[in-house]
Each structure stands twice: as structure tokens, then as C-alpha cells.
Amino acid sequence: MKNADINLKVNIAGITFQNPVTTASGTFGSGMEYSDFVDLSRLGALTTKGVSLDPWPGNPTPRVAETYGGMLNAIGLQNPGIDVFIKRDLPFLKSYNTRIIVNVVGKTEEEYCAVVERLSDCDVDMLEVNISCPNVKEGGIAFGQDPKRVEAITKQVKKYSKKPLIIKLSPNVTDIGENAKAAEAGGADAISLINTLTGMKIDVERRAFVLANKTGGLSGPAIKPIAVRMVYQAACAVQIPIIGMGGIMNGEDALEFIMAGATMVAVGTANFINPKATMEVIDGIEAYLKRNNIKDINELIGCVR
Amino acid sequence: MKNADINLKVNIAGITFQNPVTTASGTFGSGMEYSDFVDLSRLGALTTKGVSLDPWPGNPTPRVAETYGGMLNAIGLQNPGIDVFIKRDLPFLKSYNTRIIVNVVGKTEEEYCAVVERLSDCDVDMLEVNISCPNVKEGGIAFGQDPKRVEAITKQVKKYSKKPLIIKLSPNVTDIGENAKAAEAGGADAISLINTLTGMKIDVERRAFVLANKTGGLSGPAIKPIAVRMVYQAACAVQIPIIGMGGIMNGEDALEFIMAGATMVAVGTANFINPKATMEVIDGIEAYLKRNNIKDINELIGCVR
Amino acid sequence: MTLAVKRTNKVLKNEKIAEGIYDMWLEAKDMASFAKPGQFVSLYCNDGSRLLPRPISICETDQSTESLRLLYRVVGKGTEEFSKLRPGDMIDCMGPLGNGFTFEGTRALIIGGGIGIPPLLELAKRLSCEKTIVLGFRDETFLVKDFEKYGSTYVATENGNLGTKGNVLDAIRKHRLTGDIIYACGPAPMLRGIKEFAMESKIKAQLSLEERMACGIGACLACVCKSVKTDPHTNVNNKRICKEGPVFYAEEVIL
Amino acid sequence: MTLAVKRTNKVLKNEKIAEGIYDMWLEAKDMASFAKPGQFVSLYCNDGSRLLPRPISICETDQSTESLRLLYRVVGKGTEEFSKLRPGDMIDCMGPLGNGFTFEGTRALIIGGGIGIPPLLELAKRLSCEKTIVLGFRDETFLVKDFEKYGSTYVATENGNLGTKGNVLDAIRKHRLTGDIIYACGPAPMLRGIKEFAMESKIKAQLSLEERMACGIGACLACVCKSVKTDPHTNVNNKRICKEGPVFYAEEVIL
């Protein structure tokens, strides 16, 4: 089979993506830095770092810590605010031939809505609402753990969005299926998961927390089995498409998520270890399809049941 | 400082343990096999594999899978039943100079109570009630995720137990503090955590689940940051002592849990990688105290806040 | 009290002998002298992201140098890591583990398939009775010369490259091979076929089984197979392959 | 467009030069030629359980062999792994990263403390102006001879083993050292002291800072320091040490 005969295109909410690989929010900035290493135009989509209404300074340092097979981060959603994003980052992104997904954060429901409203008139493809960041006191995960609040905020944000809406779910919950259903009931066009799992590291020599924020979000290959399980459970619970992530390092990891039910996948922590990780994931998926004589990636979505 | 000047003894529910290190249930059998590699009499306590009223055959194979920095298991609580345990394993254990903690499982509340009642007249030190196994259809985690059910089963089991009771909590919950409080409210003398996180692995070449049970419990160093965080949160929520576990490989790992608030720690998956892991954890803790001129391990419990 | 130890062993030799098949000799004090045919060792990866031991059968021992020979196929990340070890490198190793074959009978029929062949070499070497050896391969063969030293050796290859075209049972039937005890190791379908053949021919058979393992010493209950009768240790119809096995009598287990 | 690349480099040399201090030379095509003093590389562990890169400053470059010299202290698991690399081994490496020092002034005062000393060597080598060098150590010294080639070099040791007893500022005050530009790298308390000294003495100072990193290229916002003014990129009072730094003017940043 030739590469040309293989279909990598997937569709979410009527939007076609040239392949199922995007970046995990917060691990790729707005693409600028990684554009030195990879051709952004090859990405299925580029998902940006979380953007808020005003600039956010984020948490004190240290903000990251290495853990066994993973890492903790407590960046605290530092970002330049929606104005700079629209004026500087968006034009940069538009110079590439890829879909743009903007990750949105807020401290209050109103703030989420305001950012979403601002972006509704911009040339972006989808919005991803981050209600699952474990590293900020207000907003973030507070909205994302209780199904009732998930549904409520989804409904509310949906009112202000002219763009298809992805709700990004927290894995720090008892029943991910319930939360997935709540997002669906609220009108989400898709869900993405998993955000990071809340973790902690103590420096026993200093007898102190390693992170200034005490806790941080655990990501990387260490969490992949939990992420795959949650994607599987979410896929069993809802009809809307799923963007799966959590520890994807290569094509095979990505395929695990797709077979568990994800329509797209996002590459996060892997970028830090290998700046070309996104490209290698795309290549790995393509090589797998070729090797196994599969014409269309869509055949594999949720194929393991 | 000489080793003799260092106090490693800890106390839970009036029982003194010669050191804070026990085995994580299910990873050490009833000690028999590991007695070829380590002196069981050096353990603070030996915690047994889960024991039920009748023999349980467990799940179909494959029952384990390796993951990045961790492993999945779906043993399904295979065990020979309480009769064989009392007749064969207990006398073996009593030949060593260590405390005995028996892990108890059941499919119904009645079954838990029946096992606990049987053990009440046996020469064991504590009972650990496993309401958090993700690998069985009935019992297990079903009891352990909802705080109301945690409190209810704790109360019920407590009625039948003449031994101090440890409730083993599931990490697959939104708020571990709530569940810890529920166990405390139900009358638990201590809590232990974390049991395994539910995970999944897909074999992309075979397009099938790796485990016959589809999902399994994730353990090993990959999950340590989540476990430390949960022990910390539980320690902030309750007054009763905590037995901490999840990915402990060496003395420093154990000290993280102790500094986060655990009075004792359990070594699980590490035994599979290094049959002497428990001894090395004890030695590592002792060496740390010596190096830092700390006379009493109890000074370190919950010292990072 | 088992005789198993865990220690870091030095790699003496590690060479590719067929496509994807490696032949490794390890310096293995204590282990080599205790090892019985059919037992295995747990090999540990040096890379910390891979935690679980890889069970590999003892292919041969050399008592004079206290060393072990292991033959393995590269199938995943762990065996790939092993394949890159150079003489002088160190590898963590636990063993010898499991029960091994029981010597019995007077005319042994030794049957190995693919990567199940290695453990039978030490067996063939140590058995002093009459031996007929049948080795099945997909295409490329290995170890055949080593076996020929110990008995009349028949080969079957799936593509007919060498010996009988087909599997070990085809070779057995073609050459009307028989014996009063079968020792077999190989993939599950082959073992099922041999069990059937042994029942029909009323020959006692010892089969070496495989399962995913964690502890390798009988503590975790990962590696069970179904047993016909209640197992005295587990008190259910499960036997631990790493402890009561990997070698079982055909009639004991459900394959 | 930065000039950073990621590639697997061959270790040419890796030797212990003082207690816990290692001196490594890497073959580093592309990187060596682009590298500026004060820039760093991200070194990756071969062990898969350790994912994040270790930022290590470029100590020296050799353009003829296109190689890089790195000097590092073993403080944890990653640097311990590096210390075991032998010539011929391979290591993943990304760089050159960060901005590096800006050459300016006519009388440079180069101040290094402990493991902050290495990046100043390539600087001393390349700066063509008058140079006064001050190196502070706890006890054992290293690299002193290398620096003496490039300027008058003063040493301070905490225990008084060599040079002035005390820290670099004690040596500076004792010898009344000065200049019109300070280049400094070392532990945070030392940099705070130097900032104060520079302000008092009205000398411009470039300070090289440290922070935990993940991406090393400016994307993850892990490695920020507080800036006096709103940073044009981040639009908040944070500067990325891996991108806008690691070298900052003393008056730009809050230490």
C-alpha cells in the first residue's frame, strides 16, 4: 500500500483534520518554539496553551519536577492573555496549514464565556475549554470534577461560542463516564481527556515539597494506562468524539488511544523529551496502517471492545 | 549516632511495630515464598494477600501486563479461603517475630463480616479491609468509591471485629479526603492507601486488550506521585494513622510517604523487581535517620506541611 | 527453601545465531550449579522504565565455568535490550526458578517447537536413557547440531526448508517416532496437539508451559494455568506456572 | 529560527576531575560551531525512567573537532548516569540553547561560584578585553589552571584551602578588584550578593540564572524568573530562563 492510499483524515464536529494528531495544550506554547524543529503544517491540529481574558503570571517556581516515567507541573496557566494571543500568536499560527484549537481558561464562568466570545469571531477552528487544571486555586479543576458543574459550565460557555466546543475533562474523578456524559448533555461537540492527575513530590533531604505549589499535575508515559482506560470508559459512555491524551510517546501509544475510542490524539510531555515527537507519532500511525494493510484510520477508532 | 540509638518503632491503634515497613497486600503472598530471600522477622508487619470466606479462583490469564514504570494486575483476588489461611498460612507466619495484618475481601457485606469474625479469634494483629480492589465484579471497589458506602461498611465490619481495623481506600475517587473521613467516621482504627489505579493496556498488533479482564490495577513507581498526594490529603483530613503505599522502591520513597503523613508504609510491586526490597527500605530509612541525626522516626511523620 | 538467588551476572557472550534469535552465556555462580533442566531464570532490564522480569529458560549449563546459556528470541522491548548487551556488561538475574523436568522412563521422546526448544537441550544432555528428539521450526533452524550430540534428531519446518514439511507431530507421524515418556516445550497449540497425541498413544507427557509473570517465585498468582484437580497450594483449580511449573504432566492441566 | 538541534552525540571523554565533578567532551556537530559562551545544552538520560533533560552549560568548544566540553557535578540520578558514560557511548543532546553572554565593556570582571564556573571558561576564552577572574569554591578547586590562561585569576575557598578564605565577594574586596562589566554565574545567594555589589559599585552585571526546566526551548513556561518589567513575550513579569536567559542583566530580574 502506498502512503497516498492511506486515509489519515478524521472529522470532529464537521471539521476535517488532515490527521488525528494534535498537541496537548500547554506543552507546545503557541507553536512558535517548536516550529524550529517540526513543520507545523503537518499537524492535524495545533492546540494552544490555555488562554485567559487577562494575562496570568502563573505559579511561583519550581514549577516542574521529574517523577518516575513522568513529570509534575504546576505552571499555573501563565499566559499573555487573549489580546496578545489574538494579535501575536494567532497570525503566526495562521501562517501554517493546520487547524487551530484554542485552549480556554478562566477563574469564573463569566471569564470563560468572555474568552470564548472573543474567540468566536477569530479565525480558529475549535475551542477547548479547560475545566480540569489542577494547578490553579480558582477555576480549573473546580469546575471539572462534579458532573453537575461540568454540565452547567458547558451549557453556559456553549451559549457564547460560535465555534465547536471541546470540554477537557479531569481524570481526578470517581467516574469519568459520568463527567463525559455531563459534558455531552451540556452540549459539548467533543471531549478531550485526560488532563493531568494531581500528584506530589517531597524532597526528603530538604524535607520540603519539590514544587512551590506543593501539588502538580502528573503527565507522561507513567499515566498512559489510566488515560487509555478513561478514554475507553468515556467512549462507552458518550456519542461525541474524543480527543485522547496522556503519555503518548509514539505511534503505537497513539493507536492504543484510537483503538480505545479516540478520534484524535494529543501529544504532550513527549515534546519535552523529543521535539519531533508529534511528527514521529504521525509517521508511526501511518506506518502501522501500511504494515497492516488498513486503508482508513477511522476503521480503528474504538475497534477494541 | 549508633543504630541502637535510633527508634524505628511506630504505634497504630495501641499496637507497636518494630519498624514502619509492611508488605502491600497481594504482592507478598503469605510470606512463604519471600522467606527464601528475606528474614520475615525483620518486617514491621506482614500484610497478607486478600482472604475471603471461600476459596476464590480469580480472573482468567493474562493477569499482568508491564507498563511504563509500572504494571497492571488483574489477579482477581484468587485466594485459598479463610480455612486454609488459618490452618496453613497463619501457623507459618506465627513462626516469625513480626506483626500480622490480614487483608480481608468479600463479595457482600456479610462475607466481609464473616471473614472478620473468623479472624477475631485468631492470633493476628490487625485486619485490613480491602474495599478498593478494581479487579473483581462484586465487592472490592464497589464499596470503596462512595463515602457513604465506605462509612456504612466500616461500621458494619467494625461490629464483628475484635481486632483493630484498617480500611484500605481506593485512589479511583474524586476526593480522597472525603473517603478517609468516611472511614474514620465509620470507626476505622487506621486507613491504608493507595490501592491500585484502574488502568488498561491495548496490544495494538493484536488489536485486543492485553489483560483478559480488560482493565487492571496500576501499581509501581509510576503512581508514586499520586499516592504521596493522596496520603498527604488523607493525613490532612483525618486523625487516625495512615499506612501509605504506591510505588515505594527504596528508603527515600518510603520517607516521602512518612513525611506526607503516613505512620507506616507498605512495599508492593517493588518485591517483584527486588525480592529484598522490604529489607532495603528498612535499611534505607535507618540510614537516613542516622545521616540526619534524627533519633525517632515518629518525628518525621507528617513533617512536611 | 528454594535454591533461587538474585544477583547481577556478567555477560560472557551474546551472539545472534538466527534471525531474531540470540545465544547468551552468563557467568552465574550458585545458579549454574543448582539449575535443573526445564527451570528458568528471571532476567531484569537495565532500563528503569521496564520493571518486570523476563522469564527465560535455562538452555545449558557449564559447571566448570559456573555459567548459564540462555537462548532467546527478540519479541519486544526487553529482549531487544538484552540483544544489545556486550560481553562484560552486567544483568540482574534471579534463579533457578520453577520445578524443571522429572527424569523417568527409558525411551524419551523430546519435542520442542520454536523458542520452546532451548530448555530441552540441557534435558537431552542430562538424560541418560534412549532419546529421540523432534524439533519444529517456522523456517530458519537453530540448535539442531547441539541436539544431534545427544540423540537421533528429527526436524520439521513449516515451509519445508529442512526435514519434514509441517509441524513436530507431522514429523513424529512420518517417522513413527515413539517412546515411553514425552518431554515437550513450545507454543500452546503445539502443546495441545502433543497432549492429544500422548493421550491417544498412552504415553506419559511432561509439558513446559508459559504465562505472563510478575514475581516469578509463586507469590503474586499472576502466572496460573487451569488444573484438573484442586491444587493443594492454591486450594482452587489453578497451578502457578512459576512455582509448581513450568513443567506439568499433560493430564494435570487444561491447556 | 534558533540554531538548536537535537541529536545523539558520542562521548569522547568523561573523567572525574574533583570530588563529584566530571569533565566530559562530546562530539557535537552543528552544536559546537553555533555555541556562544553562556549557552547551555539539554542532556537526556538513557534510562527511560528519567524523562526530563538536564541543562548543562557549555564550558568550552573545540571548533577543530566540533566538540563540546561540559563540566558537571553529580547531584542526582541523571548526573550519576552521565558520570558512568564511557568514551564511545552515545547521549542525546539538544542545543545550543538560551541567549548566552553579550560581549561589552573593556575591563571584564568574571565571577564564578562552584558549578557556576564552567560556562565562564568559554567566555574568558573568547573575550578579547582585559579580564579579571574570580572563582569561588567550597574546598576542592577545579578549572583554575584553565582560567589562568585568559586573565589574572583569583580564588576564594570557603575553608581557606586556597586563595582568600571566604566567598568571591571577599576575594573581590580583599584584592579591590573591579571592572566595567561583570559576568557572573553561581548559586543564587552569590548572585544576589553580586547584584548588590554591582549596584553599589555602579558596574553593569550579566548574571546567569538557573531554574528547573522541562522543554528547554521556551514553550512550557517551567523555568521563569521574576522580571522587573513586563516581559514582551510573556506579557507578565516573568522571563523564561531557557529562552530569554539564562543570562540577564542584574537590573532586569528579581533574584
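Chains: A, B, C and D, in written order; residue numbering restarts at 1 for each.
Keep in mind that, in the parts below, contacts are C-beta pairs under 8 Å (C-beta built on N, C-alpha and C of every residue); 3 or more make two chains touch, one makes a residue touch a chain.
Worth saying up front: this structure is predicted, and the values here are computed from it rather than measured.
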* Count of steps on the shortest touching-chain route from subunit A to subunit C? -> 1
* Structure fact -> Greatest Cα-centre separation from subunit C belongs to chain D
* To do: Please report how many Å separate the Cα centroid of subunit A from that of subunit D, as a whole number.
  => 35
* Asked: How big is the gap, in whole Å, between where the Cα atoms of subunit A centre and where those of subunit B centre?
  -> 34
* Asked: With chain centres defined as C-alpha means, what is the inter-centre distance between subunit B and subunit D in Å?
  -> 46
* Asked: Out of subunit A, which residues touch more than one other chain, so two or more?
  -> 68-70, 221
* Asked: Hey, what residues on subunit C touch two or more of the other chains?
  -> 48-50
* Mapping chain-to-chain touches, which pattern fits: line, ring, star, complete or other? -> complete
* subunit D-facing residues of subunit A, complex -> 26-29, 32-34, 36-37, 49, 55-58, 61-66, 68-71, 73, 75, 78, 80-81, 84, 220-221, 269, 271-276
* Where on subunit C is subunit A touching in the complex? -> 48-49
* In their complex, what parts of subunit B are in touch with subunit A? -> 67-70, 72, 145-146, 172-175, 197-202, 204, 207-209, 215-216, 218, 221-226, 228-229, 232, 247, 252, 255-256, 259-260, 288, 300, 303-304
* Asked: Which part of subunit B faces subunit D closely enough to touch in the complex?
  -> 68-69, 221
* **Touching residues on subunit D, where the partner in the complex is subunit A** => 1-2, 4, 6, 44, 48-53, 94, 211-225, 233-238, 243
